[in-house]
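The structure appears below as C-alpha cells.
Per-chain numbering from 1; labels A, B, C, D, E and F assigned in written order.
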Amino acid sequence: MARKDLEVLLEDNMEGKTPEEKPAAEPTHEKPAPRPGPRPKKAEVGPRFVVSSSPHMHDGRTVSQIMRFVIIALAPAALYSIYIFGLDALRVILISTASAMIFEAISQKIMKRPVALRDSSAALTGLLLAMNLPSTSPWWLIVVGNFFAIVIAKQLYGGLGYNPFNPALVGRVVLLISFPVHMTARWVTASRFGTDAVTTATPLSQMKESLATLGHIDIAFGREEIFDLLIGNRAGCLGETSVILLALGGLFLIWKRVISWRIPVMFIGAVWAMTGIFHLFDPAHYIDPSFHVITGGLFIGAIFMATDYVTSPVTKKGMLIFGAGCGIITVLIRLWGAYPEGVSFAILLMNAATPLIDRYTKPRVFGAVDTKAAA
Amino acid sequence: MLTAVIALAALALLAAFGLAIAARVFAVPHNPKADEIEEVLPGANCGACALPGCAELARRIAEGKADIDACPVGGESAAHTIAAIMGMEFEGGAEREVALVLCKGSDQVAAKRFFYNGIYDCNSAVLVFGGDKACTYGCLGLGTCAGVCLFGAIDMVPGGLAVVDPEKCTGCAQCVAACPKGIIKMVPASRKLHILCSSHDKGGVARKHCKVACIGCMKCVKAAPEGAITMDNFLAVVDYSFEIPAEVAAECPMNTIIVTGDAAGACEEPAAAAGGDA
Amino acid sequence: MPKLVIIIISAVLVNNFVLMRFLGICPFLGVSKRVSTAAGMSGAVLFVMTMASVVTWLIYHYVLVPFGLTYLQTVSFILVIASLVQLVELVLQKLSPALYKALGIFLPLITTNCAVLGVSVLNIQKEFTLLEATIFGAGAAVGFGVAMVLFSGLRERIDLCDTPIPFRGTAIGLVTAGLLSLAFMGFTGLVKL
Amino acid sequence: MKEIIRLCFVLTLITAVSAGVLAYVNQQTAEPIARALLEEKMSAVRSVLPPYDNEPDKDMITIMIEGGDSIEVYRGRKDGTVTGAAFAIVASDGYSGDIEFMIGVDGEGVMQGLMVLKHLETPGLGAKIESEDFRGQYSGKSLENTELWEVTRDGGTFIPITGATISSRAITKTSAKGLKLFREHKAEIFEEGEVQE
Amino acid sequence: MGSGRFFGGVHPSYNKGLADSSAIVEMPLPERLVVFFAQNLGVPSQPVVKKGDEVKKGQVIAEAGGFVSTPVHAPTSGTIGSIDIYPSPVGVDAPAAVLVPDGKDEWFEGCNVERSSEGLGVKKIKEMIHDKGIVGMGGATFPTHVKLSPLAEKKMDLLVINGAECEPYLTADHRLMVEHAEGIRDGASLFATVIGVRNVVVAIEKNKPDAIEVMCKAVVGCQGFSVEAMDVIYPQGAEKQLIYTLTKRKVPAGGLPMDVGVLVQNVGTALAAYEAVRYNRPLIQRVVTVTGSGIREPKNVLARVGTRFEDLVKFCGGLEGDAAKCINGGPMMGVAQYSLDAAVTKGTSGLVILRQEEVTQFVSDACIRCARCLEVCPMKLNPSALSIFIEKMRFEDANEYNVMDCIECGCCAYVCPSRRPMVHHFRRAKAEVRKLQRKTG
Amino acid sequence: MKAWDEFIKGFWSENPIFRLVLGLCPTLAVTTSAENGLAMGFASTFVLVCSNTVISSMRRFVPKKVRIPAYIVAIATFVTIVDLVMNGYFHALHKSLGLFIPLIVVNCIILGRAEAFASKNPVWVAIIDGFGMGFGFTVSLIVIGAIREVIGNGTIFNVSIFGDGYLPLLLMILPPGAFIVLGVLLGLMNKVEIAMAERSGRQPIIRREHDCASCTIHTKWFDFSEKEKPTVE
C-alpha cells in the first residue's frame, strides 16, 4: 500500500498514540539486526515469563570482564614504564587511551549504533597502542595512531569482533611508516622516573647498525647486558622493555584462561629456534637467539597482540600455525628487512592469513568418519 | 615509416589469420541458438538466475534446460525475444501481483504471551512456541520478510508489523517463502480492498488476542457481492477475482478491513456517513 | 644472492604487483569473493603472465629493436598478448577440457588487465634477459596469487561483518587491501632491486 | 573463408594506418625527446659546475676507470680553459637501491655541487638527500680541506639526515670516491683535448 | 574405564543441593490433568477418546501412530472434559485431553497385576514395553521398543544404564537410584536379555556417592553388572560422550550408539520398563524435580503424567519472589515455558524456576572469536563460525560445518562471553538444512 | 541541453571512479599528488576523446567480429602518441607517471566507453561523452591526489600549505594510503548517494561489487566462431 495508507493503518492501530520512533526509512534492506530487548522492569498485566532457547544458565564471563583481565595483566608493565620513563609515559598512556575511547564513541554515534565503551575494548586498544609507542611521542602522533586503529581498522568493519586486522597494530604500523623519525630514531633509555635520560638506539637497531657499518655483529651480550635487557634498562617503546612483567602478565592470562599458551609459545619458540639455527651456523652475522627473544616487542606482541581473539585463529591447530608463522616472519624482517623490528608486521600479515588458517584447520567433528578408512 | 607499417600490419595479419585458422582447427561445437540468446541477455553476469553467468544461462535455455523467462533482469522483453529465437510462445503478461501481509496486529493492538529473548528473526522466533504473540496466526514483526526483499518493498512499522509497499514490490514472492507464519499472500495489484487478518480463532478468542482481529461476524460477507468474501473457519477471506466496493470495509466492527490506494479516499466518506446513520 | 632469487622475492613480497604497484586491481577486486575462484584466477594469471613475458620479450628484442620500432611497443604488445590468450583458450578448450574448465572462465578476464601489459613493459624497462623476464613474470604472478588468495579469505570474512551500509562491497574491500598493503610494507628492504 | 579474409584485411588495414600515424608522430617527437633527455642531464651538470661560459654538453670526454667501465665527464670552461668538471657517479650502498648523482668539481678538486639524479630511498627519509640543506654541505669541500669524508656519526663532518644515516653515508662515501677518481684522472680531464666540435 | 574424559564440556554450578536429599513424594491427584497426545519423539500418537468419555487409570487414550510411536494411557480414572490445544512443555502448542479425575483412581482391567517375568520371550517383552507406552525418560522420549530393536547386522555387546544426570538442579534420577535401585537393576537385565548382551554398566557421576553406593549393593551378585563412577562434567550423560568415557568408542558422526554395539538407557526408563513387564503398569507417572530459586520448597515429586505445572508449583509451596523463567527439564537443555498451563509429560524430568536476577539475557552481540565455544563443544564443532554463518542465513555453509551433528548441549552458549543465542541458531539451522535436504532429495 | 547532460553525467551520476568504479589501477597509482592526477586525467581525456571520435566514425565500417581489436589498436595508437608527446614536451611529468602512461590502453574506462557508447552513438555525442567522462575522471583524480598530497606531503600542486612545522603523514602517499583513501572516499560517496536518494525518494544506486561486468575488456577479441555451423548435440 502506498505510504499514505500505511499511515492510515498505523493511526488505526495507535488509537491516537504517537509512535515513539518513525518507521525506519532504511536506504537498503540490509539493516543491522536490532537486539532483542531486555525484560521490562515490572509487568502489571500480560506475560510473566521470559522465553528463550536453552541453555538457561551462563558461566557469567563477559566481554568486558575479559578485556579487564587483559588490562590488569598489562598494568604492571604499564606502571613500570612510568617508573622508568617518567611522567612522559603516563602522558602517552592517558592520551592514547582517552583518544581511543573518544574515537570509538564518536564513530558509533555517527553510525547510529549503541555506544559500547563499557566493553573496554577501545580502552585496551588505546592502552596497547600506547605501550607500542616511544615515551617521546608527541600528542598528535598518538591521536593519529588511534584514529587509524579505531576508526579505520575497527569501526569501518562494524566494530568489536569484526575487524580482520589488529587495530592497535594498524595504528602502530601507520605511525611507523609515516613518522619513522619519531618512531625509530628518538629513543630515550630507561632511567628512574625519566631522570637523566639519554638518547640512544634500541638494541635491535644497534644490531642492524653494526651489521650495516661493520659487516658483522658487534654488540656486547653478556650476563650484564641480559640482566639489563630483562629489567628493561634499555631504549624502546613503553611496553616492550619490561620482559619479566610482560611474561608475568601472560602467565596471569593463561591462568585465568583468557588466552591459551599456543600462540605466545609458538611465536617466541619459532623466533628462538630460527635465530638459533642461524646463530649456530654463522655467529658473526647472526646474534645469539636469546638476544632476539628478549629484545624488541616480541613479548608484548606474542602475549598481548598476537593473541587478540578477533584477529587470530579460533582453532587449536590454527593457533599453532599462527604463532609459528608470526615467529618466522618476524625473524625474516629482523634479519633481512629494512625495519629493525618485525613483530608488528608479522602479526598483521598473519592476521591476513587468519581466515584461511581457520578454514583449513576446521576441527574434525567428534566421531567423524575417517574418510581414508571409509574409502 | 614503411618498416613500421609493414611490421605491424604483418603482426596483425599473423595474429588475426592465425586465430582464424585456430578457431577452425580447434572448433568446439557450439549451439548457435545459445549465442543468439546470449546476445539478448543483459550480459551483466549478475547471477540472479542462480547460474555462473549469462553465457551459461543462454546455453541452458538453448538446450531447453531453463525457462525462457529465467532471467529476471531481462524481464519480459528479453523473454519475448528469446521465445522468438526458440520458436516458442511466451505467455507471460498476466496481471501484476504484489505481496500483502495479512495481519494488522501491531503491538499496540495485539497481546503478547511472553517476553521473547532470542534471535531477532521470525523463523527463529517460531521455534519457541511459535512466537510471542498471543494470536498464533499473526505477524511476529521481527522483519524476516523485510530482510529477504531485495527491493526494499517491506517496511517494519513501529510496534512490529510488516507492511508491503506495492509500488516497490516486484512480485518476486521471496517474502512469501520466507514468512514462517505463512501470512503473506500474492494479490492482484489492482485490488484495493483487503481483509488484514489470518486468525482462524473463534471470535471471542481472536478478540481477546487482538483488537483488530477478524471475529467471523459475517457482516462483510453479507455486504459484499455473492461469493466475493467467504468464511473459512472463522476467518473472512477475499476472493480477488471479484471487485469489491470500498463501502464493505465500513461494515467491519473490528476495523480489520482496509482499502488502499485511490479508493481509500472514496471509502473514508461513506464509512463516516454509515457511522452517522447508525 | 643470485639475481633470480632477488627477482622472485622482489616480485612476490617486496614489490608485490597488486599491493605495492597497483597492477591488476580489477581482477583483484572482482574475482576475490571466494577463495576457490581466487585460486583459480591466480592459476590462470600465472599461466598468462609467464607466457606474455616470454612472448613480448621475444617480440621486442627480435622484431622491434632490429627494425628500430620500439615506439610500437604498446600497440604490438597488446595485440600479441590478446591473440595469444585467445589462442591458448581455443587450444585448451579443445585439447584439455579439464584444464579449460579450471582456468577457462578466467582466461578472457585477464587478457588485457594491466598486470599483464605491465609485466611486459617492466621486463623491457628493467632490461631483463629472457630468463630473468620469464622468472619475473612468474614471480609477479605468484605475488599476485598470494595477495589474491589472502584477500579473498579476508573478503569471505568481511562478508559476514556488520560493516556500515555505505562501505559494504568495494569500499571496505579497498580499505582491506590498504591494510593488507600496510602489512606487506614490512617486507620493504628485504631485497634491493 | 571469404569472411575471414575480409576480417583480416580490415584489421590489417587499421593496424597499418596506426603504424603509419605512429611512425609519423615518432619522427616528429624523436628530437624533442632526445633534447628533453639531454636537458635533464645538462641541467644537473650546469648546476654543479663552477662558473663557465662554454656549452658543457658539447664538451664531454669519456674516461676509462678500473673494471673497464667508463664515465662521461662534462667540462666547464671559462675563456677556453677548463675550470671544472661534472660527472655522474653511483652509490651502490644506498638504503633501498642505487643512488645516482652528479657532482661538480673545480680545478682544485673542491666540490662545487651535488645533484641527485635517481634514487629509490624512502620518501620522507632517505628521499631527503634531494634537499638543498643536505646537498649544500658538500659544496666547498675537498679531499684536502676535509679530514674525514664521513658523516658525523662516524666521526666525520657531514651532518646526516635524521633517520637516514645510511643514505647520507652512501652519498658521503661515494662522493669521496668520486673526488678520488677526479684526482686520478685530473690530468686527462684538464689537459687533454681542446673544445670538441 | 570411567575416568576417561571426552573432549570439551563445562562445569556449571550444579545447585543440586536444593533437592538431592529430599525423598520422592507422591503428589495427590489434582483437579484436572492435561494429557498430551503426542508424548514421544517420532510419529505422534492418535487419540482414541473424545470429549465426555469415561476412562480408567491405565486405559489407552491414544494409540501408537506407527512403529516409532507409543500409546498414551490415562493417568487416573475420570472423564475427558475436553480436547483442546495446550502449550506442550516441549515448545509447541499441541492437542491434549483434559482429564477430570473422579477421585477413585481405578485401574483399567488387567493393569497393575503382578506376574512373573521369567520365561517371557524377547518378542513378548518388547511388545509389553511398547504397549505400556515406555519411552526414553532421559529427555529424548524416544520409544524404547525401537531402541531395543537394533538392526540385525549390528553386534551389540554393552548396555549402559545412564544415571549420569549431568544437568544442574535435577535430582530425579539421583533419587530414583537411591530409592529404587533393585527395580532399575531388574529393568536393566530385561533390556540386556532383549538385546542379548552380557555386560551392563550403570554409569553414575561422582557427585552422587549415595546413589553409587546403593547401586553397587543392588548389583552385587549379578553377572556382568558393574557400576561406574564418572567425572563430574556436563554433558557426561549425553550418550555419545558417555559411551566414549566408558569405552573410548566413538559413535560415528550422524550415527547411533548401536553402530558401536552399545545401547544406552536412562535409569527411569529401566524402572518403568521393569514395572511394565512385571506389574503390567503403563507409564503414567514419573518423578519430577521441582526446584530452582523461584520455588519455595524444592522437592522430588512423583507426579502423574498430565499434572499441570501450576499444580506442581502449588504443591511445592508456590513461586518465590520474582520468578521469571520456568523451565521444563534442566537449565542446560530444558525448554522455557511461557505459562504454567503446560503439564507433565513422560519426558518431564524437572521443573526449574529461576528468578529474575538469574536469568541471563541473550543479546546477540558480535562474536569476539574468543574460541571458548570451540574449547567446550563436546562434538568438536566450531560454534563460532556456525553461529556467524547462520546469522547471515548461510545455511549451506552451516551444514558444511556440521551443524547437524550439534547435540544442542548448550555448552557453547553457556560460556559465550558475548551472550550469543547459539543453540537457538543451531536449531534454526537444523530446521533449514532439513528443509534444504528435503528439497534436493 | 542534451549536450550538457551528456557532459555532466561523467561528473556525478556516471562518475567513472566513484560511481562506475572503473580504472582503479591508474587511479591508485598516480594520485600521489594533485599534479600527477591532473596530468593523468588530461592524458586519459585526450585518449578518450580521440578514441571516441575515431571509433564512433569507424563504427559503420568495422565488422562486429573484429571490433575489439580494432578499437584497441586505435586506443593504443593514441596512447603511444600521448606517451611520445609527453616524453618530448613534458618530460618531468612523463617521468613521474612512468609505467602508467602505456597502461592507459587497458584502462577500462576507455575501452568501456568505446564499447558501450562510442560504437553506438554519432560522432559529436561520442566526443562530448569523451570530454565528460574525461572531465569526471580528471576531477576525481585531482581530488584524490589533492587529499593524498595535502596530508601526505603538506603541499598542494607543490605549494606548501602548512608551513615547515607540518609533519606529513607519509602513509598517504605510500601504497596503503592509496587504497585506504580511495576506499574511504568511495564509502563517503555512497553515503552521499544514499542521502540524496533518500531525499528524492528513489533507490540509491550503489555498485557494491567491482566485478568484471563493469569492464568490457573481457569480451572475446577476435570473434571467429563459426556460427553458421550446425549444432552437434
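Operating definition for what follows: a residue touches a chain if its C-beta (ideal position, glycine included) is under 8 Å from a C-beta of that chain, and two chains touch if they have at least 3 such contacts.
All figures in this text were calculated on a predicted structure; none of them were measured in a lab.
Visitor: Give me the step distance from chain A to chain C, shortest route via touching chains only.
Guide: When the steps are counted carefully, the minimum from chain A to chain C is 1.
Visitor: Chains touching chain B and chain E alike, please list them.
Guide: Touching chain B as well as chain E, we find A, C.
Visitor: By C-alpha centroids, what is the most central chain here?
Guide: Central by C-alpha mean position: chain A.
Visitor: Could you quickly compare B-C and D-F and let me know which has more C-beta contacts?
Guide: Result: the pair with more contacts is D-F.
Visitor: Would you kindly say which chain has the C-alpha centre located farthest from the C-alpha centre of chain F?
Guide: E
Visitor: If you average the CA coordinates per chain, which chain's centre is most distant from that of chain D?
Guide: Most remote chain from chain D, centroid-wise, comes out as E.
Visitor: Determine the centre-to-centre distance between chain A and chain F, using the mean Cα coordinates as centres, and give it in whole Å.
Guide: 39
Visitor: Taking each chain's centre as the mean of its CA atoms, how far is chain A from chain D in angstrom?
Guide: Between these chains, centre-to-centre, one finds 47 Å.
Visitor: Return the distance between the CA-based centres of chain C and chain F, expressed in whole Å.
Guide: Distance between chain centres: 20 Å.
Visitor: Report the inter-centroid distance (CA atoms only) between chain C and chain D in whole Å.
Guide: 34
Visitor: On chain A, where are the residues touching two or more other chains?
Guide: Residue numbers touching two or more other chains: 27-28, 33, 35-36, 38-39, 47-53, 152, 156, 158-159, 162, 174, 177-178, 180, 338.
Visitor: Can you list the chain F residues in contact with two or more other chains?
Guide: Only 66, 69, 73, 76-77, 80, 84, 168, 170-171, 174, 176, 180, 184, 187, 194, 206, 211-212, 222, 224 qualify.
Visitor: Where in chain B do residues touch two or more of the other chains?
Guide: Those would be 4, 7-8, 11-12, 15-16, 19-20, 23, 27, 113-114, 117-121, 127-129, 132, 151-152.
Visitor: How do the chains pair up in terms of touching? List each pair.
Guide: Pairwise, the chains that meet the contact rule are A-B, A-C, A-D, A-E, A-F, B-C, B-D, B-E, B-F, C-D, C-E, C-F, D-F.
Visitor: What residues of chain C sit close enough to touch chain E in their complex?
Guide: Contacts found on chain C: 159-160, 162.
Visitor: Give every residue of chain F touching chain D within the complex, in rising order.
Guide: 61-63, 65-66, 69-70, 73-74, 76-77, 80-81, 84-85, 87-89, 91, 168, 170, 173-174, 222, 224
Visitor: Can you list the chain B residues touching chain A in their complex?
Guide: By the definition above, chain B touches chain A via 104-106, 108-109, 111-121, 127-129, 132, 143, 146-152, 154-159, 161, 163-167, 196, 212, 255, 258, 260-261, 264.
Visitor: Please output the residues of chain C touching chain B within their complex, sorted ascending.
Guide: For chain C paired with chain B, touching residues are 59, 63-64, 67-69, 72, 75-76, 79-80, 82-83, 86-87, 90-91, 93-95, 105.
Visitor: How about chain F: which of its residues touch chain C in the complex?
Guide: 21, 24-26, 28-29, 69, 72-73, 76-77, 79-80, 83-84, 99, 102-103, 105-108, 171, 174-180, 182-184, 186-188, 190-191, 193-194, 206-212, 214-215, 217-222
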